[in-house]
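Notes for the one structure printed next.
By letter and in written order, the chains are A, B, C and D; residue numbering begins at 1 in each of them.
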């Protein structure tokens, strides 16, 4: 399960101390987790990170940013909650070109995406990467295409899963509108396997309305990418996004 | 769920007509499924296939052989139940070098292994290969390393899963002896996710005693490889294997 | 270097005895090698193979067919020269789901494609697969995208390389028209590295005119796929293709 | 071709201005390039980087360090020449979990390894990653197993290639002793394809004597890993290594 936190001042220390806090159903939207995936976009990661940190502080909404591994250090220094886009399944050792979980944690990451549709992993490697993340004290979100794969991902024990139909990624058409059944199907599939695994909603999310729809379908967070990272004004895009949660 | 069948005459037609038959708990061992994986061994696939067909006929035990894709045609002509070692997730189309499910079925395969530890697949591709196998009317066994991955594999809806700790493959030390908890853990993990998914036991199985141990731990079949394929006398090895089931 | 042969009666035996024969520049087009890649198309491989065998016999042009591995046996029985679409780099051993070079040779394959753009391989695996093909006495064609990669492929010592710009595959626009420089660039790149490596031309080839253009640019053969495999009348498509060579 | 530089004060600026300088044969050993690959070792990257920067300054030998991507920023801040262990073939865009060449350059990397035996790449991706590195103004070293693959790698136009027989990596037995023919074979193979491509020698290098042997066989640099990264005293290990060059 992902950690949540309420409106109010935010710092990396305070988030950590709030692990294990969870919010009652009535205030579910307040706990929506917003993860901005910067992919390999030609954006300024520091600009987006600073905006995300400010919006998180102002709104009380949990907002994190997942930059390139080489930018984790600089992004974390802005004070924003920072995630890796991927970690490798290996432990310390002879693994040239790997993304060591301990290294991204050391640079400031607090969590990691795994198995994004642009970076599909072997089943055994998702399991290995989850173990690596746990060793490095990183939270985890495993992405998957459809409810069956969401069930499979949930069986591996991540903190959360994210359903992202590949055909909707980057389209601007939110999955919550284009295919609400896939979101509720994912929520059901995860719940059947492990009731402690949160479900996030990815693909096409860009507005506050999309966020509310996702919440109404049972998601406890969203993955965004181009809607913020490629926006002319990332801060305004994030403010618009979290506005309905206030 | 894998199909089973009782002692008696066997032909490819009769097996097919027996789909959906299942045996009561009391005779569970009679329904143990024995799949001999020929991998890329330098054995004569026709010799092993003929022996397997004869032992299946004589004992009433379901025995199948999984040869190289290029040998499926010749192996199926011996009358033995024939499986593929892998099928690709793709449909018909522009997929050079793929192993099309429809092609292996056309050549005589009745089922396919997936995600063997020597051929680990992406989670999304296991899902895709299961869909491909279903289109081609192939039974499916998804291999995995440990109970967590077995749960994940079961969530994708195969007929069966097979637990094979990589460190025991090819050792001659049966998983049922070296690590019985991993077998019962796999049986439990699969049952929690989908009670219709059979659990097979692989890695190190070579004797009738190993088969009985696997059955006692809740497995409904076994994967074998070197114990038969590299035996001086594959027929004798198979006879020894199924002897306790009679 | 690929083997060639002239107009006249053809049998698998005669082709083999003609290895090492090569045709003088003046009759270069007679030696154009035509390889029909059936990919995972929903075609009848026996129909295409029979047509290819007949057209090869009638025209004296070397025509081969590359079916799915599971169809090699049945395709080779038509008498057509049969190729694999891929072989794995491994030797005999514990390699479940591999495509063992010895197995495809055993089923009747006389050569193999490697590194097709739909099945890109690691550099080390192309090297390993070439060694595997050599052990199994298979001829080899390594595909690549552009002249630099063609030079790299040639450095590994295959019989031939094939240049196939990915953006033209399946378009019906022949690379010899759309981008003749890439073909002459490939011919130059291969010649600089190893003058014994033939260059074939793939991507968009479908007519006799395309074949002549490819030959004029320095190619000694062509890869085709949909133009024959998806034709309403594969025999007529092949007859049209080789007509200018007679 | 890799840049070299002579004994004397060193700064990241001065190295860059010295691109294109090359040393005459008589002083070849002065230009040996020493790249310390930190892999995923549990070492302190800053400690090794600081030692490497000091040894480079004191000896005038070009010494660089290749840390985890997430540590590039902190390592580069020590003033040592910093390399990536890998970059992905993609450009800016939707590539979650990639290692964008521009991002590692932005963090301070001046070059990148590619195709290390622990991170084998597809031929097409080596080509793509070289293009990505060029866009980001990174120097490149492509690793390979044997002379044939070295020739293939050289055909793709990197600055340098490195021959590392996988069976010697991490053994402490230098390739220059265990198999000197593979080094001279690699030097010949690269020269035949492209005389501008430097050849480095990896696998088992740990002492100054190994460095001299590599130089005598025609290598213009070495890759090291455990010999420095896992040494009790990395600074002493590096001093020992470069001692014969002074």
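General remarks:
What we mean here is this: contacts are C-beta pairs under 8 Å (C-beta built on N, C-alpha and C of every residue); 3 or more make two chains touch, one makes a residue touch a chain.
Since we're looking at a predicted model, the values are computed, not measured.
Where touching is counted per the definition, subunit A and subunit B have no chain in common. Centroids of subunit A and subunit C (each the mean of its C-alpha atoms) stand 47 Å apart.
With each centre defined as the average position of its C-alpha atoms, the distance from subunit B to subunit C rounds to 36 Å. For the pair subunit C and subunit D, the distance between mean C-alpha positions equals 38 Å. Subunit B has residues 117 in contact with two or more other chains. Interchain contacts close the chains into one ring where each touches exactly two others, per the touch definition above. On the side of subunit B, the complex with subunit A involves touching residues 115, 117, 120-127, 144-146, 148-149, 151-157, 189, 192-193. Residues of subunit C touching subunit B in their complex: 37, 39-42, 67-74, 84-86, 88, 90-100, 102-104, 106-107, 109, 113, 116-119, 169-170, 225-226.
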